[in-house]
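Down below is the structure, laid out as structure tokens.
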Amino acid sequence: MVLGRVRRALAEGPRDAGRDEPPVVRDYRRVHGSRTTAQTVELLAENLVDYRAVVHRSDAAGLPALIARLLAERGARSVVVPRGLPASWLDVALAAGSGLTRVADRAALTPAELDAVDSVVTGCAVAIAETGTLVLDAGPDQGRRRITLVPDHHVCVVRVPDQVVGSVPQALPRLAPDRPLTWISGPSATSDIELDRVEGVHGPRTLEVILLSVSGEPG
Amino acid sequence: MSGTYLGMPAFPRAADVSTRDTQLRANLTHATHTIRDKRAKAVAELDDWDQLRAAGAAVKDRVLRRLDHYLEQLEAAVTAAGGQVHWAADAEEANRIVTALVRETGEREVVKVKSMATQEIGLNQALEDAGIRAYETDLAELIVQLGDDLPSHILVPAIHRNRAEIRDIFRREMGRWGRPAPEGLSDSPAELAEAARLHLREKFLSAKVGISGANFMVAETGTLVVVESEGNGRMCLTLPETLISVVGIEKVVPTWQDLEIFLQLLPRSSTAERMNPYTSTWTGTTDGDGPRTFHLVLLDNGRTDTLADTVGRQALRCIRCSACLNVCPVYERAGGHAYGSPYPGPIGAILTPQLRGIQGPLEASLPYASSLCGACYEVCPVAIDIPEVLVHLRERVVEGGPVTRGGTRTVVKPAKGHAAERAAMRAAAWTFDHPGVLRRGMRLAARTRRLHPRRLPGPGRAWSRTRALPTVPAESFRDWWRRTRGESPSGPTGKRGAGE
Amino acid sequence: MRVALFVTCINDLLQPRTGRAVVALLERLGVTVEFPEEQSCCGQPQFNTGYRQATEPLVRRFDRAFREHDYVVTPSGSCAAMVRDNYPRIGAKAAAEGRGRELSDAAALAVPKTYELTEFLVDVLKVEDVGAYYPHTVTYHPTCHGLRVLGLGDRPRRLLQHVKGLELRELPGAEECCGFGGTFAVKNAAVSAAMGADKVRHIVSTGAEAVCTVDNSCLLHIGGTLTRQGSTVRPVHIAEILASTEGSVL
């Protein structure tokens, strides 16, 4: 019935362009400005900070110790871990005597159980420099959407420069529409009261981003 | 104010009251100016804004011209991805479908993401009538719901409330809905947001049914997109077992690539950010991650009637960013409630009369709720020429004409109450087309100018209450010209006018 | 080149001095001005209130009055905007309603030759210093149609900045509508008055002796509000400032 109405509405008006329309003109930019790879990573870092994420840099060798330090500074006693997160990343944090409990991301985990977990550590699918955005696609090192939502502390590892793109138009082709995506730009926030920005409402109130240099040099 | 839009007075009457509310005016001026300045900065960062805007308008126009095709494509893609698609011709049908879907789950409570479409159809009331409680989870919507109030802004629905009022509402009402406000709650925004976090968390953790709208639906992939800031959207979209999304049919975009336009246009126009904190996309259902059941209710409710009007249909491009509200001098002074619908401001003034028809007194008054200053058109990220549509709808109001209502082509009569104006406007136009008559009238006005009143009676009182009347000079321009330049000053075309 | 003055109905009846100023200014700049008496109103009040068909005879009249001229100059941003923005719409709708192409042809002729005064000075005559003298402090309110429909930009300000003796004061919130809006001022009087009060507050805050615009309709509203509030700030059309010389300050 709705489709019938649509067709009548379109049929009865004055004749519009035919079915074979020319493509939409896309003369907007694929990316704003020209940057070297290093500059793109730098812009990502700036924009993440601008939206109140905490940015750290590391190489592969230093990563486990850095993650351990961030969790310890937070006072985390439990951390939820996606199935495919490289085990070595949490070697130091979960070492005997650390007092930190590893919680596996599994289907049976209830929201209430997840609510008792202090932190989450994930990778990401793509990061967008111009907007300071991390995109998670529920891949093996990122896990179910809810694990980066309910705990109050999210540590997200971005492999630089491989996972960094400049712009939104560059990000979309690298993402699969059939996967559930979460685009994250800073911690959750609200401006609903007199337009005063308050960081941290329902999502994690602290977002820490580690720019992991895959070439061996700190990003 | 109670939570209904029924029986709202015509815009000028409501605005007459709200413009005198100094607290409301102060709240609105502060809020709209803050966000309008931020938006200008966010937009200025992109030197291809005009191209993005043109492309956004072009994509939306293309969708509207082939809406049947894209909706069929969307339905097939959502279904293939494990979702179930329902069609609702009007608010009543949509409410009936959603109520039945919630009942099937056996649940009596649902959590809701802020959604314009569900406000438009009055879903919360319909659910309540069916014994189902809907919890609004957006902070501003929570403030509105707890205050038994109506939203007054698309993006910041509680823009008319200041922090002290919000604290009082939280203290008074939270306990009746769930976890009470913390003892000694102050009016600092951070504390108020924390109180909302605690109050809503128990709802999120136990919710089995979530209800949302969507900002975009991608036809080729069946993907839905929700853009938000607080994380309440993510909660509602991922924790419940059943997700029901009620979305207007005009929200479809053809391709995944098209999101590259709208995910740049929307955040900068709306919250004035490079990107909003959270954007969720989902395609049907995903095994082991998020809701196991997904229903998409595609809503018409006047949209196809709007589509049938080739001038007015551009209102369906709207992506609900609210930039037009924030620059509108009329909205800033009248406030959102005067518009009598969930769509306030300039976009509401063209959308509401089209979705509902122009026959009611409120709807007939909305196209006039504008000085036609054009600030709305200038900031609209999809280039809706709001002044053009306003004037187009004014013609429908005063002259009647062909419209489509409920899918049926019909001819409406002119709205009541415009007879005197119509006569005056036509008489004025006739006079202006007969310069001889006009000249005699001008001379009469000049000769009697000392007798002109300082204040006018009747409709003219509206002018002279706050503004002095102009005085009529002794000699009109054309008389001066004739006196000083002679009878035939303009050469070959100096012949006398046809109306002489 | 044949230049016609389209004085507009409001100026004809209520502000003839603005029309006289345009004539004086253009003649001083060496332009021969004609005033076809067949002209009357552009039809804006009718059109903007919803009476589109009532404006059609006025479109035809405009066409007859100015058909022979190369340029039509008008001291009104909103009347110029009416011709340029809405005449083509009126023509297109008439054609779509099966009433021929007469009006769209008339619009096609009218649009390219119709200029608001400051556009004509800057774009056609290529002059910014018109040799004016106006020894007063002035603030400039850019009217909505001039600003957003015609895109006048800084043309009026450039002209004002070259006026000897004139001190231009910045107007806070300059780009906000004054609240006139034609019949809006009566149909939504409360909102219109509130907008007018804010505009006037900003004008008074500049300390300027006069406020000027490219449109007397907005000035009627602004001036009427100023008068009612007992303010001494004088509303003045930009043409009158530009026409003033050391010999005769209007």
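Remarks
Labels A, B and C are assigned to the chains in the order they are written; within every chain, residues are numbered from 1.
Just so it is clear, a contact is a pair of C-beta atoms (placed from the backbone, for glycine too) under 8 Å apart; a residue touches a chain by one contact, two chains touch by 3 or more.
All of these numbers come straight from a predicted model, not from anything done at the bench.
When chain centres are set by their Cα atoms, the one at the greatest distance from chain A is C. Of all the chains shown, the one with its CA centroid nearest the global CA centroid is B. Centre-to-centre, using mean CA coordinates, chain A is 32 Å away from chain B. Computed centre separation for the pair chain A/chain C is 53 angstrom, with centres defined by C-alpha atoms. For chain A, residues touching at least two other chains, in rising order: 14.
Residues 11-12, 15-16, 19-20, 25, 329-330, 333-334, 367-375, 377-378, 388, 391, 393-399, 421-422, 425-426, 428-430, 432-433, 435, 438, 442, 445, 459-460, 462-463, 465-470, 472-473, 475-478, 480-482, 485, 489-498 of chain B touch chain C in their complex. Within the complex, the chain C residues that touch chain B are 2, 4, 7, 9, 11-17, 19-20, 34-41, 43, 45-55, 57-58, 61, 64-65, 67-69, 86, 89, 144-145, 148-149, 175-177, 179-197, 220-221, 223-225, 227-228. On chain A, the positions that touch chain B within their shared complex are 1-10, 12-14, 16-17, 19, 21, 24-29, 32, 47, 51, 107, 111-112, 115, 128, 130-133, 138, 144-146, 149-150, 168-169, 172-173, 177-196, 198, 200-204. Across the interface of their complex, chain A is touched by residues 27, 30-31, 34-35, 45-48, 51-52, 54-55, 58-59, 62, 65-68, 71-72, 81, 87-89, 137-140, 143, 156-159, 162-163, 166, 189-190, 192-193, 196-197, 200-201, 204-206, 218, 221, 223, 229-232, 234-235, 237-239, 249, 256-257, 259-261, 263-264, 267, 271, 273-283, 286, 288-290, 298, 300, 304-305, 307-310, 404, 407, 409 of chain B.
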